[in-house]
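Across the two complexes that follow, subunit A remains constant while its partner is subunit B and subsequently subunit C.
Presenting the complex of A and B:
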């Protein structure tokens, strides 16, 4: 197990070394925005937990996560515009498309399953709607990994 | 309508999207009728629930195929930027709505609406992206 972790860590380190400046910069900025999203989410739950329920505050905390989300999409757009390698650009575009496909297909399946059983997964509906971004992000990372493996 | 499209890649894209949209409507109808009148349970119910999602994946695979086939770099970039705009707007809208659902009493957003909303946002993004190049 420990050996496997070492191999994985070395692979990750080597992979990061091979990235171009643009790729590394984009990943760092996306990571910073993800952290910001997590902070906003934590603050939102803290606000709800301690009863700060003013309407303006609720709307503000609902709208705030959209800012880093748009920033991530803008960063991806900027990366695609700046990437000089046509092959890598196409790979990223395909990964994003696959991630979008997984997200909307997941939504559709979940919607049909909720129609089938209203207590499906016993998760609350709002939570599943928020999870869309996480599903998209995880699916795009997996898609990049699969494509990298395919073209190795 | 198809005859007016001179670009073969765009013609194929239009046909693929038409087939996917038609299949989506058909499969959704089959699933809805199946659940309403067939009282489906178990594995069959899960399989029928997955059915309407297949054309969605087909449509997005078709979009990927179009991006590979399209020779015109400008048209390709236009669609890529519009798709990114669509994805961003959809994710932002669903997240904001999800938080509002959690903490206020806004009506529940049926997730089946996410797919049409995505293409609607892509359609809105196209003129915005085109404006940048004028």
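Presenting the complex of A and C:
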């Protein structure tokens, strides 16, 4: 088990080493924006937990998650425009499409579960947004990894 | 699309990584082109032709043409 973990860690390290400056920079910025989304989500959760407060605050917290979300979409666009390797560009586009499909499917399953048991799945909207975005990001990374394995 | 990339590369004793470095693309790109899983764009095909000092037709063959 420990040996497997070492192999996985080495593979991850080698994979990260092979990334270009543009790829590494994009991943770091996306990660930072996801952290920001998580913070906003947590803040929104605590706000609803301890009373709703002013209407302006409610409006602000509803709008805030859109900022990192747009930033991530803009970062992906900038990456695709800057990527010089056409094959990698094609792989990333394919991965993003797969990730979008997985996210939509995941969202539908989640909605069905919420509808079935609203007591058990009493999750707030901010948490659901971050969950969808996490799913999108994880599915993208998995899809790229699977494709890289196919063409190694 | 069939291609002679592997042969041309072997003639020069280049690895896939060497060719990828010369073309400024990833090694996966070279692998995908060589195995016929990916057809390169025209600019990349021209770069390949220039690198091997030959024409595009000498590297790639259209399988639909008899």
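Just so it is clear, the second predicted complex is superposed on the first by the 123 of 152 C-alpha atoms of A that agree within 3 Å, B and C clash if a C-alpha of one lies under 4 Å from a C-alpha of the other, contacts with A are read in each partner's own complex, and residues count from 1 in each chain.
Basically, a contact is a pair of C-beta atoms (placed from the backbone, for glycine too) under 8 Å apart; a residue touches a chain by one contact, two chains touch by 3 or more.
All of these numbers come straight from a predicted model, not from anything done at the bench.
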Practice task
Tell me which of subunit B and subunit C touches more residues of subunit A.
Solution key: B
Problem - Touched partner set for A:61, first subunit B, second subunit C, both or neither - result: first
Practice task
Considering only the touch criterion stated at the top, classify A:148 as touching first (subunit B), second (subunit C), both, or neither.
Solution key: second
Practice task
Determine, under the contact definition given at the top, whether A:84 touches first (subunit B), second (subunit C), both, or neither.
Solution key: second
Practice task
Applying the touch criterion given at the start, work out whether A:97 contacts subunit B, subunit C, both or neither, answering first, second, both or neither.
Solution key: first
Practice task
Based on the superposed arrangement, let me know which partner A:108 touches: subunit B (first), subunit C (second), both, or neither?
Solution key: first
Problem - Interface residues of subunit A shared between complexes with subunit B and subunit C - result: 90
Fill in the blank from the handout: Counting only contacts in the complex, subunit B reaches subunit A at residues 31, 35, 40, 45-46, 48-50, 52-54, 56-57, 60-61, 63-64, 67-68, 80-81, 83-85, 87-88, 90-92, 94-104, 108-112, 114-115, 118
Problem - For the subunit A and subunit C complex, residues of the former touching the latter - result: 84-88, 90-91, 148, 151-152
Fill in the blank from the handout: Interface with subunit B, subunit A side, in the complex: residues 44, 48, 53, 55, 58-59, 61-63, 65-66, 69-70, 72-74, 76-77, 80, 90, 93-94, 96-98, 100-101, 103-116, 124-133, 136
Handout entry: subunit C to subunit A touching residues, read off their complex
Key = 24-26, 28-29, 31-33, 37-38, 40-41, 44
